[in-house]
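Same chain, two partners: chain A is paired with chain B first, then with chain C.
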Partner chain A sequence: MNQHLEQIPFERWDERYRTLAGGGMVEPAYGGPMRRHVDNGDTRLTSLKFDASASSLRLWNFLLTEEERLRAARESGRKIVGTMKDLGTVPVMAYSSPRLTAFYPDGAWWIPCVMELDAGLLEIADSLGVDESFCPVRAMLGAFATEAHFPIPDLLICSVGAVCDDFSAIAQRVNGLGHPVVWWEIPHRRAPGQGEEIVRLPGGMTAPRSQVGFVELELQRVREALDEVGGHRLSDSDLVDGIGVANEVRKELRELRHLTFTADVCPLPSLELLIAEMLAIHFCSDREETLAVLRDLVEEVRGRVESGAGFFRADAVRVFWVNPVADLRVMNLLEERGGRICGTEYLFSHAIDEIPMDIPPMEALARVALADPMVGSIADRAERICRDAREFGSEAVLVSRIPGASHCAVEGHLVGNTVRKQLGIPVVEIEVPPVSDPMRPTLSTRLDALIETARATRATGNGGD
Partner chain B sequence: MIYAGIDAGSRAIKAVLWDGAAGRIAGSGVADQGVQQGELAAGLFENVLSKAGVARSDVGRVVATGYGREGVSVADTTITEITCHARGVRHCAGDVRTVIDIGGQDSKLIRLDEDGKVRDFMMNDRCAAGTGRFLEVVADRLDIALAELGDVASEAANASAISSMCVVFAETEIVGLLAAGEGAANIVAGVQNSIALRIKAMAGRSLEEPVVFTGGVAMLPGMRVAIETAIERPVKVAENPQLTGALGAALLAASDG
Partner chain C sequence: MSEVSRSLFLSLSDVNYTCPFVPAEWIAAHGLKPNRIRPSGDSSDVRAGLCPYVHRFLQTACGTGDACAVVVTTVCDQMRRGAELIRCECDTPLFLMNVLATWQNANAWGLYRSELVRFGRFLEGVGGVRPSKEDLAECMVEYEAGREVTRAARLDAKGVPVALLGGPMTDADMEVFRILEKCGGGVVLDGTEDGERTLPARFNRRGLRDDPVQELVDAYFGSIPDPFRRPNSMLYMWLKESLARSGARGVILLRHVWCDNWHAEVDRLRDWLEIPLVDVVLGAGSAVQHRIEAFVEAIG
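So, the complex of A and B:
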């Protein structure tokens, strides 16, 4: 008989922690009860519902102790590299160096959510001329200004060109505050023209050889900057080793996604899966521990799948989620309204794809960078969403807009049209601010309507190709 | 057996009683929405029951819909207005394939299959520019009663061009038009066209007929023609368009009860 698993609210974590600890749970150095994060200001946790496993506790603790980890890295003499806008390429290079710890300052965009606006980062960004017409990632600007959330990096690297306009402007403002930035350019990915050599990219896309060569040269400049700050000349061999470990992380994530999306009963809630997927971007400042955390979680989820244990109603609607949310609470909301996660495209699917190992490492990294969903046409992204939704059996697609984000202006409409045409399943757009509580009725209505329509489609068998 | 549907919208609450045996509406009512939403819905429900001479114990099942549906304590269950409007319109216009619903807070375009099931839907939520709220703002700015907007618009000789995608900015445009001496009729007609164009943008190129227009804004004369012109297809206004969602809820209560 299948075992029904229940998420727990925050107030049950103390009791659950005692049970886990009493049962012999072995925790890493950053382990401990969830409550301390709330005591440190992460008050949004009190509104969330959690997977109550030791593996998920470890995942949360790993995520929420990153600032401590960065400070410890600095104290130990490691150099800290902030890799901005780049979602999963430069961190692979940085962690190939023995003396570098890379992190993702853009991740500060969740601080207004987890601290329920108490940190005041958005107001600081406002005062610096970056107002709410920008993406909430402007919180990063506030974090640089206050220096209260992460140590100021020894080196800042930021991609520009065919990436998010908002972010480029915000990063320029960070630069203007006196933080030097190594900029590297990523061109808009285009289809190879007649007579151009075609290069296959991870994720099934293509680009002309000239673009791959250009990005490789840009990444070479990044490599030199990493060499200089780390005091270690990155060899090709170092990079191959680094790519190998990154691929291990990506393999675990692909396995976790596959298990979660294809199981008859949902074995992992969407919130924990979102957190796990985010580790792919920069390894949460500890690559080896990321691998350990993910392996632990995959083992937990595999065990659940094998025993038929899972969450939510057996007839929960399988929803493909596009774009990350600024308010984590909304991930819970999907499940409360009768859905379950079944496919995701959080703008960094290229960070989950395998990096080629049969070509020189710099070219492999250039190919990965060009496979970034944000640097090509939305049509490419929509194609991938359709392909993955088809593979995972998604019954509906939810496009979550980020308020102010320039890439969100039209993508939902275009993704929706492609999904409707190719898959014939319902699509809804929602917009999620960092604290979405006043929007709850509106968000619930949209989610309910999506679930109802998907159920109606399921009943009549009209969905699919 | 009597079944009830309550549509707790952003501007008004609507209630419909459906006589399952007779296959007809046994009573209906509308009340303004307010702060105490649950109490207002319960009060309207009691009022409609009383006027129809129906005892609460004769009501088999109550379905609530609309943005305030979670607060309707007298309801047995909730269903979204997408499904309820589709069901209500389907009852009145059996062959409908597209429903346009413009309410106070948002606008929706609902596609139905040949069996009347919701196949897909789109909602405008980015701004009030495509909703009844836009008309309220204009009515307030022009000092015209909301119900009279349609009559005023019918006198327009040359509808003003309202280009803003945002009600706040559009209001600035209206101030500018008034300052330039533009008449209220042309401005109101321009706003109606602006709303209709938002519907057209939401609909895209594929829009199956028959098209039925519902929701509170459908009661305003002139909106139907504005939408017809924008989408270049005939549009029929649903019977009692403000009650369609509540009727659909009552019918769904009957079919599940």
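So, the complex of A and C:
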């Protein structure tokens, strides 16, 4: 008989922590009760529901102690690199150096959610003329202005070109605040023309050889900047080793996703899986610990799958989620309305795909950068979503629009059309601000509509291709 | 456009585009007709979340019956993604040209050149003919002469001297000029996308002879200042020089509601400029008129 697991609300974490500690739980240095994060201002946690395992606690603690880790890295003499926008490529290079720690200042976009707007970052962005017509990543501008949420990096690197205008414009303003930026170009990935050599990218897309060569040269400029700030010349051998470790992380994550998405009953709630996926993009400022956290989680989930243990109703609708959501609470909401996550594309699928090891490392990294779903066509991205949704047996697709984001207006429409045409499953778009409480009735209604339609499709057998 | 160039056209098929980084003479030299569109349409016609300019460009560019191609660039993310709507909703062949944001290294300049070459192949595919070096140079000289007329025409503005700055404008947005005229403002500098800011640099005669394609690269990619460029310091350098020369007493920044690159710079420009700036969101109904009138009155 299957064992039914329950998420716990925040107020039960103290008791749960005592139980785990009393049971001999061994914690890493950053371990401790969840309550301290709320005491430090992360008040949104009190609105969330959690997987109550020791592995989950470790995951949350790892995520929520990143700022301390960055400050410790600086104190130990390591240089801090702020990598912006590329989501997954430059950190692989930075962590190949023994003297660099990299993180994404972009991550500040979740601060207004996690701190329930108390940090005032959006107000600061407003005061700098970057208002709510921009995507919530404008919180990053506020974070640079206050210098209160992460150590100001010794080096800032930002990919531009085929990226969201919101981000590029805000990064330029960061530069204007007196933080010099090394800009590197990621061109729009185009289909190879007639007679052009075709290169296959991680994730199955293709690009012309000339574009791979161009990006390789751009990344070479990044490499030189990393060499300079780290005082260490990154060799190809360093990069090969770095790619090797990144691939181990990606492999664990793929295993976690596969186990979670394909299990009969959901073995890991969507919130914890989202956080686990986020670790892949910059290792949460500690590459080796990321690997340990993920292995722990994979072991936990594998055990649940083998024993048939899981969350939610057994007939929960299998939903594919597109784009990260600005308010984490909405991940819980989907599950409350009868869904479970079976497939995700949070803008960084290229940070999960394996990096090729049989080609020179700089070319491999260029291929990864070009595999970014956001630099190519929406059609390419939609194809990937359909392929993954098919693999994971998704019964519905939820496109979570990011308020103000320059790509969302066209994207959701085209992704939806492709999914409906290829898979015949329902698609709904929602738009979620950093704190969505006032919109909960509307969001619930839209989620209900998606879930009910998917159930009806399941009952009539009309879905699928 | 002179009769000589017109006679070079193989057909009257338009190549519709709007981005100033697309060299008109490159299209003309291929024997096709460059048609830089100023989109038409009602300002109340909107598509949720989509920049109204992009929306109207897509409608106008695809709605022109005799167009043999539409060209869109990556200068703006919404336009880049709008290209996919063209693919889905319009039969006209589309060329999406990579125009890079970075410009301070040779790699970027090289890619712009290779994009021009790729664009040339596309033009051949829709009926154009690859020009000889001499034909291209001749066409470039003619277009440059036309631009000199445009430059000279800006000098006789009357009224309270104002500078315009900002992105592209639709037909309906041209109302701004009527409003200015009516309230006593005179445009001494047009830094919108249709104005002198986006005119390419003058060609080097020796370059025209030796390598006209590179001359296009230098004149367009190498000199047009725009807020999408990273860094965007070229825009500020251009402004410093142009404003000093113009004698403008104030700057009217014209932008569409979703134009992040201009919008994000408004505050910085206000701090940086030594003259007042008013931020005007195009398509905002009577607010456009009221803001411009009040601004001209205030600086008058």
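By definition in this document, the second predicted complex is superposed on the first by the 465 of 465 C-alpha atoms of A that agree within 3 Å, B and C clash if a C-alpha of one lies under 4 Å from a C-alpha of the other, contacts with A are read in each partner's own complex, and residues count from 1 in each chain.
Please note the rule applied: contacts are C-beta pairs under 8 Å (C-beta built on N, C-alpha and C of every residue); 3 or more make two chains touch, one makes a residue touch a chain.
Quick caveat: nothing in here was measured; it's all calculated off a predicted structure.
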{"item": "Touch count on chain A, higher of chain B and chain C", "value": "C"}
{"item": "Which superposed partner A:Asp388 touches (first chain B, second chain C, both, neither)", "value": "neither"}
{"item": "Which of chain B and chain C A:Val428 touches, first, second, both or neither", "value": "first"}
{"item": "Touching partner for A:Val163 - first (chain B), second (chain C), both, neither", "value": "second"}
{"item": "Contacts of A:Gln172 with chain B and chain C, given as first, second, both or neither", "value": "second"}
{"item": "Touching partner for A:Asp238 - first (chain B), second (chain C), both, neither", "value": "neither"}
{"item": "Partner chain(s) touched by A:Glu452 [first = chain B, second = chain C, both, neither]", "value": "first"}
{"item": "On chain A, positions contacted by chain B and by chain C", "value": "417"}
{"item": "Touching residues (chain side chain A, partner chain C) in the complex", "value": "128-130, 133-134, 158, 160-166, 168-173, 175-176, 181, 183-185, 187-188, 190, 193, 210, 214, 217-218, 221, 377-379, 401, 406-411, 414, 417"}
{"item": "Of chain C, residues touching chain A in the complex", "value": "47-50, 74, 76-78, 80-82, 84-85, 87-88, 96, 98, 100-102, 104-105, 107-108, 111, 114, 118, 121, 227-228, 230-232, 257-261, 263-268, 270"}
{"item": "Residues of chain A defined as touching chain B within the complex", "value": "416-417, 420, 426-431, 441-442, 444-446, 448-449, 452-453, 456-457, 459-460, 462"}
{"item": "In the complex, chain B residues that touch chain A", "value": "67-68, 70, 78-83, 113, 115, 117-123, 125-126, 204"}
